[in-house]
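First chain A sits with chain B, and in the next complex the same chain sits with chain C.
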Partner chain A sequence: MLIRRQELSSHLGWIVLLVAGTVTIAGVYCAYGMGRPRLPGGSSPPGMVFGILGSAIMLFEFFLWPRKKVRTWRIGSAKLWMRAHIWLGFLTVPLIVFHSGFSMGGQLSSVLMVLFGIVIASGLFGLFLQQILPRLMLEHVPAETIYSQIDHVSRQNYWDAEDLVAATSGMVIDASHTLQARPVAEARTSDYIVVGAQRTEGNVRGKVLQTQVPTSTSVPSEALNVLNDSFLGTVGHFLLHGRRCREGAELKSPLAAAAYFDNLRLMLPQSAHETVETLKSLCEQRRQFDLQCRMHGWLHGWLLVHVPLSAALIGLMFVHILVALKYW
Partner chain B sequence: MDYFKSPNRWERGKWIATVAAIGTAVIWWTFGTLLGKPKSEFYAPGKLTSVHQTWENQCSACHAGLHAIRDDSLGSRWEGGTLDADDKCQTCHRGPPHFAKQSAAESPGCSSCHQDHRGVQASLLKMDDAACTRCHHPLHRPAERNAETTKPAITRFDATHHPEFQSTSQAPGRLKFSHSIHMLAGFMQNPGKEWEKKPWTYARIDDRGQRTRYMAAAGQKDENALVQLQCSSCHQLDGSDFGTSRMTGTPAAILPPQQSGSHMLPITFENQCQACHALDRPNLPAAIQHRQTPAEIRLALYRGAAHDYLHNSPDLLEQVMAPMPLPNHRPPISRTVSTALDERVAAAEISLSQDVCGKCHYFQPTQRPGLWPVVPPQLPQVWFQHAKFDHRAHRAVDCRQCHEGAYSDPSRAFDDRKSSYMPKMATCLQCHAPPSGKEDKPSGGARFDCAECHRYHNGENRMAGVGAQIESPAHKLNVGEFQRGGPQD
Partner chain C sequence: MPSFESDDYQELIGDQLVTLGKKKRDMLQEGPIELTIDGSKVKFPRVKTIYDPDGRAIPEGWTTIYDAVQQHYVVERNEKNPIPILCHREHMTPVAVCRVCMVNAKTQRGSKLTPACRRRIEPGMEVQTSRTNPDAILPTVKTIVELLLSDYHPPRGENLAFGESGENELETIARDLGIVQSKNRFPRGTPNRPRDDSSLLISVDHNACILCDRCIRGCNDIRKNFVLGRMGKGYNARIAFDLDEPMGGSSCVTCGECMVSCPTGALSGRAVVGDSFPPEVLTSARAVDPEELASHPMFQGISQPFLRWNRKAVVRRTFKKGEVICREGEYGSSAFIMEEGRFEVRIKSPLKSVAKQQSGIFSLFSRFAVGFGEKPGDVPAEGGDKFIPVDAPVALAHGRPVAIMEPKDILFGEMTCMNHYPRSATITAMEDCTVLEILRNVLYMLQRNEVSKKTLDAVYRERTLDNYLRVAPLFSVLTQDTKEFAKFVAEIRPCVKLIRVHPGQVIFRQGDQADHFYLVRSGFVKVSQNRQGGDRVMNYLGPGSYFGEIGLLSRLAATVGTIGSGLRTATCSALDHVDLVRLPGDKFLELLGLHPSLQSRLIEVAKERLRRDEEQWSKIRNESLGNFLSQGLENAGNMLVLDLERCTRCDECTKACADSHNGVTRLIREGLRFDRFLIATSCRSCLDPVCLVGCPTAAIQRTESGDINIKDSCIGCGKCAENCPYGNINMVAVPSGEKAPDPYNADRMLAVVEYKATTCDKCNGVETPSCVFACPHEAASRVDGKELLEWVRQLNAAGKTK
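Then we have the complex of A and B:
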């Protein structure tokens, strides 16, 4: 969740709750523990209350996951849930620390405390990333698409480029002249080629559809072979697999790619230059998809720690409750 | 357009990791609790102390399921205490209360002071001062204390928060004894005084066993050397260190074979005084015993004097006995012997009063002339009445560091009654204080918490009085029951 200055007022109540809660918790703990031979632990009256509150909040925090899965539940907006998740999550820190009596306890409670620490730290890390990455993505990935559709869109781009190269060079697309066989549904049916390319006009950048009339094959055959070889040997691989492929390694960097296409343009006649520009643009898109994948990984990777350990924490928390009540 | 229905690889990864994390937790818990791992290690904040290691995996030996064991827990509030858990403790330890009239409401639970699960080496007797000061802080009543010892509150052991030792500041009993003289070679303080004209040499000790003992203790082989006593000549932690094994009539009854070593053995006439202050004086008609009453002594003296008369004047036995005397009339012959005996016994009593008993003891004057009853010395065998002190733990320190006054000082009065040679609090504070000072002059560092010196359960006499009544468990256990932590239900 993005916490911007403009939206601070919507968080203010939660922040006040967090600060007031922390001060109250510390005050109650100190008042109770004053003059006692040892620090009040989890079984002391304030410790027990803190433990109950903390575990209740943790359960609520964990409930965000099913809440996200079933968005149709009419139990508060997603924003409200997220705010509560963040700020109540912070409130569990003083609750659990004072509940523990500043002691790690036995193995079970130590593991619980470590899990709790990791969950809190990973949540903080995720919150930090959410303040930065979406903004960076907006700036550096104007061709952003739905993450799970990147492979599909990349194949689509490849087929568009393949049509364009075939139209330019007169190459026949068959099993030996393609890197990715296309399904029947994707077969070209019109005389026009539509390519989704990225354009920049002033401050506005975005993906636009370019409609291009297939060019005639008036280009010398040697030059056409260069275009075909370049597409099948380098550009096509890069369009399909991006930075993961070895064949299109020289296209991973924008500078190297610019040099590559400048060189390609020199070897081709004027009539094929527009095709080269389009291929260059599609490669730029592919680089942005790669960047989007990396950012998506950062943006969601922390959840691979946060969510599973939260589940383990909740499970062991119930064990801790049972044991603590038996031996308190 | 149903791409959103199938999870992407991050979503799949999240599920897989969640299942893996939960599975790992379940396996860890299962293996941790069911397959041999000690439960205490798994659940408890630490191992049990060494004396409770037998029950390391027997949680139920001490914990009454679902009943609170910590007296500061919410559960104990609900239940009105930790009675069930305390019962478990008292299966083996029936600790007497703090004082005889202590009510149940005033008695904290066992765990309020004795907290286990703090490691094998942890001491159950070492606790925070707050366990004591939470009651003793408000208990302070200045009106009951004299001006010297009045402190604002007893909150810790230092010069401002703890009163001066009261047990050791009192008059040291009713006995004429001078440590100063006895620490001098030959006991010669003022050579001009008549009774000190002749210095004490080892040769003057009549009993051969006693003479050998004191010579050996001083490393002396010359019998004509002056007697030089050391602290250890009279004060020992164990009876076998007196070197009395070769003596005839070793007072074994007053020197128990095994001692804890925390306190000096009691001073007894037979063990420490008799060598020089023998009671069998030649001018007395009979030998007397220590601790005899005046009546017993008088009877012994009469018997001795009568024996002497009969032995020295056997013609007395040939004299005709007078008829039974009338009331208030004695026969002449009896009056003559009686008078002689009376005179002899009276002289002996005067001698005893002045030179023997009266040398060390005070008398309680009575109407009857002669030997008066002795005032009980009332020397405390343990000076700290409300605290413990372990001489064994301090054996590396020279006696003079704490008992400076006991050493020979010509300017000091002879009579110990005028001052106690027991140390003041400042002596203890040199070490029993927070560490401070520099490397070349360290200070403090030894424990200075309440429990270092004070005991809770019936003070220092846990096995006496109320302690004796309650210390032993009500039900004796066999070994199997003991290892299970109590009798089988």
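Then we have the complex of A and C:
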């Protein structure tokens, strides 16, 4: 959340600048346009000034992008740049609107106005998403990991689960009993199993390591197939591919997954229930990863519109300046 | 030297010489044996002899083929011995475990390949080495070396000195035989054997060990220490110390013979690298020769190899009258042995030391926070303290915190040296003085070496114990009466035992029968309790503190039903290198009976401690403090926290960190959460920086601002990374600028990398570290544990916590 209601006071300077700027722009515009037959446009003195100011601000707004690429340069903190980006971005709206004289103008200026509108709208949409999604992610994805590492963590979880199932059922892990080949370094060499699982305890939320001692001797042989089949047929696929896989479709919803694992538990002896519980927990983690992917897509997807269109807007803005100067 | 049969009569003369039974002595009278070596007829005595000071011949052992070939080629012809040796050295008993020294020996019984180091010469024997019969010998030797290589992985930390020649003998032999690892017919095993870095001086990499037994023979036959042996069978066979103890916890005296004997670097010295003293010290100091040190009374019994490896770790410094030797509050990595002159010990602000007596869950925080500029409390926590404990064998009075030390006090500055705590006092030369300044390796050795340890303990018992008891707040009730205190010291002196505890070692466990009472000389002891809900650290006890009294006091009639049940109420363990004074429980109770004022004081304090423990537990139950403590956040001095309600997971913080550190990030945006905050995996600048303990080159240090800094003298041992409880130190491969042949492809050169420990350096002095500076969403902050807790409490109070 970038702007909190409780912390508006820290944005007070920017708000004052925005309001005062807007009032001043409107005042100057009205004073100049009073008594004139037409609304002043971009070629009028105030329109010209508004255009220059608006262009300068838009250029500054655009520089946030290269600024982020030179993170170690001490040219104002990113926080300051972002605040300026948001509030000065708002200020460009009255500047450009008054600059245009409430008219779309010719083809070029019409395209510019449309682009400007989309850039402003996409920026507002992004701001809105960044206001709400981090909190939603905090609430609904306690097992969150680094986005780029989701596939890796999922594979690791799969191998952990595979080890656990093998230890419980006596399954031999070879090419026919794995859905994902593991590198040599990842091969299990110890006598105990470490399973990454989600834990929520009080205010502590996140992933912790749990250890599980193999219980292979305690499961009757007829039950082995049930657990193995379930893992290789459904759970394993879901752990690896999440909502994208067809084989684990019944695990996509928490309710359906709960029913699936309840059913599995009924078919297995007591000694295997802990393993089922861990598998259930890993599937829950995978569902959260899927949710994280979706949220991450929303959180950053709007930039795919905002950034290229901003670049186009800046390019066309310069064309507009050249054309205006030529025919002025 | 070759050993004789078991029925031989052997006699020890002193510690070295061996005489033989009649049968073997008679052999001395026999004429030489004639044999053929590579076609040349030669004569050699059957038994090798040495001569005692009176010129009497003493048989040293049977003459072996290797001895004969050595004599024939090297001594007589000044040529290279054609027989390679690996597990054998001339001063060692041959065991022929590696079989690299194969020769073809032809006797009346036939011709066969035999290990030259072990096989005795016989009359008429024809010996063929690889010079005259390479086709019969070299393929076998090559196969043996290939097999050895397939089980061998070069040791980590290649810059460490090892071996007699300082080179890897196995790789040298392989190179001489033209063996290329990449073309080895036998697959290389997985390097899954453990590494033992428990000793500060020698590290053991079992993956590099080829079980040649040279270290074992060096330890047992040469040094007579009998610490090293073998354990396990087959693939699990490896060398072991005592009954498979970690080297640092074994009875090893760190003489270094095993390291000198090792041909592959599996046992390598963690010697001081380069000039570990700061430049300003080196300009005014003179390194002391190992030979000179060997004659110093404090260094008696320390092996020459050790002194040679650490030649830069001891310097002699002279100070003129009034010059400061070390200053209060500074961090350092050295201790001082006083040689000449008198030394003044002084502290500027006694209240700082008084604040150390504060107890409770934030005692450790307060202890360090005082050093960082917080105002200390005005009132001593355990009132009545008259003296201030410092890292020196003297006590400083509160009213006038000045004392004088002399060379007979021997040593000061141990705690700073061993545990990286700030200097507790300023030491000034009262006249022209001379000191030996020593680094941690050397101090560690002095504390283990029998002779110096005895001297240090004797001095402590005779001179320092008096001061120490005076300083301990517990005994302040006795110091009011000088006679009673003197009597008390005289009673306690013969009963106490001085013990040393390694970092992490448990002194006693909750539920154990109480049997001793302890006083902390130096270092910190962690007191923890286990109850429903897990373990909780209740306190950290520093120098001058005491513990173990509650279990003992319950035996007194006056405390029945009010203080414990005779069992330990908490687990006490060493946080770092801890020196303790231990008093037997019975004697402790007897002393209390003789000094009722002390007894009533102790009972009062014990009750207060129990009450405080209960209070803490109820706090933990009622507040989020439990989670706060379980994550060690109270110990954080400066950590990176991300407000997950603001963070858009853009990773700008991680990218900025990588940009600031040559493309290698020192933070990972992952970790445990406390409330809505993510504690990123990045250095926390702990108030109790356990990462500092054990660095052999003192490369990891705490700066004056409390940040952790790793210097270039890091040797990449990984000790700090192991020690960091939060995984915030990473080992990174850094190009050394050199190139070396690819062990798997001799035609190719590879860049040599060396491992260095890296951790967050807060971007070295900039006001805002890059991670925080680059965060556009105002999510990243650097705070200490207390501040974070305050934020969360405020959020709780405002009902904003989810």
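Just so it is clear, the second predicted complex is superposed on the first by the 321 of 328 C-alpha atoms of A that agree within 3 Å, B and C clash if a C-alpha of one lies under 4 Å from a C-alpha of the other, contacts with A are read in each partner's own complex, and residues count from 1 in each chain.
As a working rule, a contact is a pair of C-beta atoms (placed from the backbone, for glycine too) under 8 Å apart; a residue touches a chain by one contact, two chains touch by 3 or more.
Quantities reported herein were computed from a predicted structural model and do not represent experimental measurements.
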- Taking the superposition as given, does A:Gln156 touch the first partner, chain B, the second, chain C, both, or neither? neither
- Which holds for A:His296: it touches chain B only (first), chain C only (second), both, or neither? both
- Touching A:Pro37 in the superposition: chain B (first), chain C (second), both, neither? first
- With the two structures laid over each other on chain A, which partner does A:Ser271 touch: chain B (first), chain C (second), both, or neither? neither
- Counting residues of chain A in contact, which comes out ahead: chain B or chain C? B
- Message: Quick check for you: in the superposed arrangement, does A:Ile146 touch first (chain B), second (chain C), both or neither?
- Response: both
- Message: If we overlay the two complexes on their shared chain A, which of chain B and chain C does A:Gln180 touch? Say first, second, both or neither.
- Response: neither
- Query: So, A:Ala78: does it touch chain B (first), chain C (second), both, or neither?
  - Reply: second
- Task: Scan A:Thr22 for contacts with chain B and chain C and give back first, second, both or neither.
- Result: neither
- Residue overlap on chain A between the chain B interface and the chain C interface 146-147, 296, 300
- Task: Can you check the complex and tell me which residues of chain A touch chain B?
- Result: 35-38, 40-41, 43-45, 47-48, 103-109, 111, 146-149, 152, 296-297, 300-301, 303-305, 307-309, 311-312, 315-316, 319, 323, 325-328
- Task: Would you pull the chain C residues touching chain A in the complex into a rising list?
- Result: 190, 192, 624, 626-627, 630-631, 644-652, 655-656, 659-660, 668-676, 766, 768, 770, 772-779, 792, 801-802
- For the chain B and chain A complex, residues of the former touching the latter: 3-4, 6, 8, 10, 13-14, 17-22, 24-26, 28-29, 32, 40-46, 59, 63, 65-66, 68-70, 72-75, 77, 112-113, 115, 127-131, 133-134
- Note on the structure: In the complex, the residues of chain A that touch chain C are 1-2, 68, 71-72, 74, 77-79, 81-82, 130, 133-135, 137-139, 142, 145-147, 184, 189, 201-206, 208, 296, 299-300
